[in-house]
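Two complexes follow with chain A in common, the first pairing it with chain B and the second with chain C.
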Partner chain A sequence: MNKKISITIDGKEISAEEGRELLWVALENDIFIPNLCALKEKDRPSASCRLCFVEIEGFPRPVTSCTQPVTEGMVVNTRSPEVDRLVGTAFELLLSDHRLGCSKCPKNKACALQRIAKERKLKLKPKRLDKFEKDTPIDDSTDLFVLDRNRCVLCGRCIWADRHIARVGAIGFSQRGIKRKVSTFGDKLLKDSPCIECGECVEVCPVGALVFKKDYGK
Partner chain B sequence: MGEKKNHAEKQYQEIKTKAEVKKPLTQDKTVVMVGTATCGKAAGAIDVRETFKEEINKRKLNAEVVEVGCIGHCYAEPLVVISKPGFPSLCYGNVDEGLSSRLVEDYLVGDDPCYEYALVALEPNEEFPTFTDFPRGMFEQKVILEQCGLIDPEQIDHYIAVDGYHALAKALDMEPKEVIEMIKESRLRGRGGAGFPTGKKWDFCCMNVQDPVRYVICNADEGDPGAFMDRSILESNPHQVIEGLIICGYAVGASQGFIYVRSEYPQAVRRIYTALEQAREKGLLGEGILNTDFSFDIEVFQGSGAFVCGEETALIHSMEGKTGMPRHRPPFPAEVGFRGKPTVINNVKTLSYIPHILNKGVEWFQSIGTPDSPGTAVFALVGKIENTGLVEVPMGTTLRTLVYDVGGGIRNEKEFKAVQIGGPSGGCLPESALDIPIDFDSLQEAGAIMGSGGLVVLDEDDCMVEIARFFLDFTQKESCGKCTFCRLGTRHMLDILMRITTGQGEKKDIEILGDLAVDIKNGSLCGLGKTAPNPVLTTLRYFMDEYEEHIQGKRCPSLMCPELINFYIVPKKCSKLCSACVGSCPVEAIYTREDGLKAIDLEKCVKCNSCPLACPPEYDAIIKVSPPERVEELEKENA
Partner chain C sequence: MELLEGEKEVIISQVSEILGKHKHNCENLVPMLQEVQNQLGYVPELAMEMIADSLEVPAVAVYSIVTFYNQLRLNPPGDHQIRVCMGTACHMIGGQIILNSFERRLQIEEGETTEDRKFSLERVACVGCCAIAPVVVIDDLVDGKVTPTRVDGILLSFENSNNNEGKKEQEQKPVERGEGQE
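The block that comes next holds the complex of A and B.
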């Protein structure tokens, strides 16, 4: 265990383990920072959702807190006009590619996007940007859960759980750019993949992309 | 150090003495050097080479045909240099098979150098001007391009004869730390685009970690549209890069190096393999280099063409067999790189400077360029410019000098509009920015970047909104899709630009576009995303009027965006006697009117731009108009 140090987040003095990522230090002390792709158990943060920006005194511009180790005396602000602007845009970009209609979503009220919108007072609808119309078929081939890529935010948590908790390797990212998606090898249905239906991926999905069938239509 | 001294030097001198016999330009024999880099081959250099060989064999002349790389004067390819005893070495441009035969007949046999076809002489003489007698030569200063096009890249002896691998011997007689110190002192900055101090990177690689295993990688994953500096250097003088990489390996204590080169550069790949093989044979690569205890080898890794793999962390992932996607930095590769080991990644050009700095010293290097960006800059000069090609100028040269003196100005007497510098990560700079000196910091201030050296010159016929759309289309397709800003943001920017260039743009689009661009620049994970908005940001900054014309006037002032223009045949200029345009139209949209003149059926017209090109210059009757409705007014006026 590393030595304890003291940092300040939003004016609150916090004791933390030196070198830990700022995001976890904040979250464990009940200070909310938006995030989707972070997982505490991961060796290296993927830093891909671009939502966890914070401002640190002495740093020229906002940094992602999931990649920032804490150091003695660090002074952090989770909000600032610059941070809010970046988080707002990243959030709007994600929404422009996410099937909306929360009332019909099985993850309603337990969704990370809803939490972020509430905490940061953001609209759950893109304001400036057009929506990308996508209509990808839903994969409900397994008995246990449903994969709805129209709601996927590409955080990659399911893939990590599949590989490191379940140790199966049924899913991964395929394609690139705007076409990037979670997919099985050869883009087969989950039931035709090595998937063992353990449900680990569903547990870590922050949105309504992977949902247990028992929760559907609730 | 004492005992170690001069060990490698002695061994090198032995190798050099043997190599000098094979020097390309010996005085007792005629040598014909044909530029067969990819650029030369595309222009027909293979046929030229074969013609020379045939004609020389037929006449049983004492002359040798040698293949060399690219001399940089792309506008005059294929290029041939003929060096005949008693004459100055002469360079001929636009050589075809006919001219090849004639040169053999008249010059090789008959002693008439055919000056009327010569471009330039290579060394000062009484008869013919040299490079330095032309404006381009006056401003150019060749360091890493010096031997390109003058030595056979597939013969290591040619390189050794011009003092090649001497710097390696010198380095091996120094302590690794001294080599790093020297590079640090020289203030050489990375030529891959960002301009990070090379010596610092090397130092970082050795200092921070105790791990004895380290790697050095040459990044030759050149992917900018219109850029060909690295390809040309690798095809023309691969040993210079290899020498730089070995020295880098020695300095940081690596025993394994890699060259990460695009597989789309087959000739460069071949020439690298050949060069590596020859270096091993000479004892310049492999076990115990130059009889010292330093062992080092180089492997070639061929990239599969993803633009993002030029980003160093994505490059490493790709070499490790993973998807070519970047990760967050720090840790930087110099700390945690290939297979988790400290890794130096340097661009082709950066490594090419290393032998020169070791040979000629720190002071010499700093005497070129500016204090903060010493050395030269290599550009692939392309676009609407008279003399396209590969040029090397001292840092601090202004863009104006580069465009007008080195490049010979704008083609066809058109008006200059902008230079697009730094490729998809760079920006478009207008006339008012032409006096900016070319160095890393000044260009950044102007909103562009030095980049790796692509420079596209644009004229009055180029629409800046369309140019921004073109580059966004490129980066959007090349985005790996990992992070939110780049994956979705570039797509939204592209959609907005597509709306504007097709006349669907609204006033609010400009604001959204500008805001998105700033956020993508500040919020993206890697260099690709952080720089992708630059073409948009610079065109918004310098060419706002063109955006407004597209949105408010629904017209394209440069007459380039197909949706916003129409073609019109001016009856007063059209001739009854000609129907060149009719034949040129692929969709039969042009018909003959009752009075014998031609007209365009706009319903059928696909705006392919064939007819204005087909219309003979003496009539020049077909014009483009914008907005498209302007055609109706013209029809009324001319009725």
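The block that comes next holds the complex of A and C.
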């Protein structure tokens, strides 16, 4: 275990293990920082959701807290106009092609997007961007769970779980840009892929894209 | 896409040869895929599976890379390759409508090849003649100011020319046979 150091987040003095990522230090001390793509067990954060920005004294611009190791005496502010602008825009972009309909979503009230919107007073229906309706068919071919890509935020957590927890290799990202999606090899149905239906990917999905069948229609 | 007769054997032998030339590590993935495409004209699923096996990664990881790069094709090129321009000028004047017309007529999507392998459809970004947008390039022929009706015309001309070729062959055959008999 690394040595204990002391840092300040939003004026609160916190003791932390040197070198740990700032995001986890903050979250464990009940200081909320929006995040989607981070997983504690990951060796290397993908830093792809761009929601966990914070301001650190002495740094010229906001940094992603999931990639930032803490050092002695670090002074952190989780909010600033610049941070809010970055997070707000990233959130708008994510929501611009995310199927809402929360009341019908099995993840309603347990969804990471709803939490972020509430904490940061952001709108789930951003006005500035046109809505892009993906309308991809839902894959409900397995007995255990459903994959609704229309609700996916491309955080990559399911893919990490598939490779590193389940060690299966059934899913990955395919395409790029607006077409990027979670795929099986050759875009087959999950039931025709190497998927063993262990449900590890469902456990880590922060939104309503991967949901156990038993939770559907609840 | 269904493999044709004998195609599987060709893929296996070509890919094995390419795998033999490279160290099996992930840095060589893209060069290997490029060679596969050079040899076969596209990257078939079987090739991806063989490469994935040799690198000891899941096949879907190779699929991720192949679908990421525009350069790599998932489907064999058709006898006639249709490229619809989606550069700025063509995009603004409705290139998407032209692409959609082709997709509807051929019943395939962009990046795919018809079942009979006659046509493949792609989008390209600016072929350099924006003044005649929207532009379509069929094989080596550039066609400008294309409309959905023109799309029908283009495809019809291929059907006709193919029929003619067919007829010619039929007409020629009896003659040849005639000569042979003499």
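Please note the rule applied: the second predicted complex is superposed on the first by the 218 of 218 C-alpha atoms of A that agree within 3 Å, B and C clash if a C-alpha of one lies under 4 Å from a C-alpha of the other, contacts with A are read in each partner's own complex, and residues count from 1 in each chain.
One rule holds in what follows: a residue touches a chain if its C-beta (ideal position, glycine included) is under 8 Å from a C-beta of that chain, and two chains touch if they have at least 3 such contacts.
Nothing here was measured: the structure is a model prediction, and the numbers come from that model.
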> In the superposed arrangement, does A:175 touch chain B (first), chain C (second), both or neither?
Replying inline: both
> Of chain B and chain C, which one touches more residues of chain A?
Replying inline: B
> So, does A:163 touch the first partner chain B, the second partner chain C, both, or neither?
Replying inline: second
> Is A:194 in contact with chain B, with chain C, with both, or with neither (first, second, both, neither)?
Replying inline: second
> With the two structures laid over each other on chain A, which partner does A:184 touch: chain B (first), chain C (second), both, or neither?
Replying inline: second
>> Quick check on my understanding: which residues of chain A belong to both its chain B contact set and its chain C contact set?
In response: 173, 175-176
> Across the complex, what residues on chain A touch chain B?
Replying inline: 44-51, 53, 61-62, 64, 67, 82, 85-86, 89-90, 93-94, 96-97, 128-130, 132, 154, 173, 175-180
> Which residues of chain A touch chain C in the complex?
Replying inline: 163, 168-176, 183-186, 193-194
> Contact residues on chain C for chain A in the complex?
Replying inline: 45, 48-49, 57-61, 63-64, 67-68
> Residues of chain B touching chain A in their complex?
Replying inline: 306, 323, 327-328, 476-485, 487-489, 491-492, 495, 508, 512, 515-516, 519, 522-525
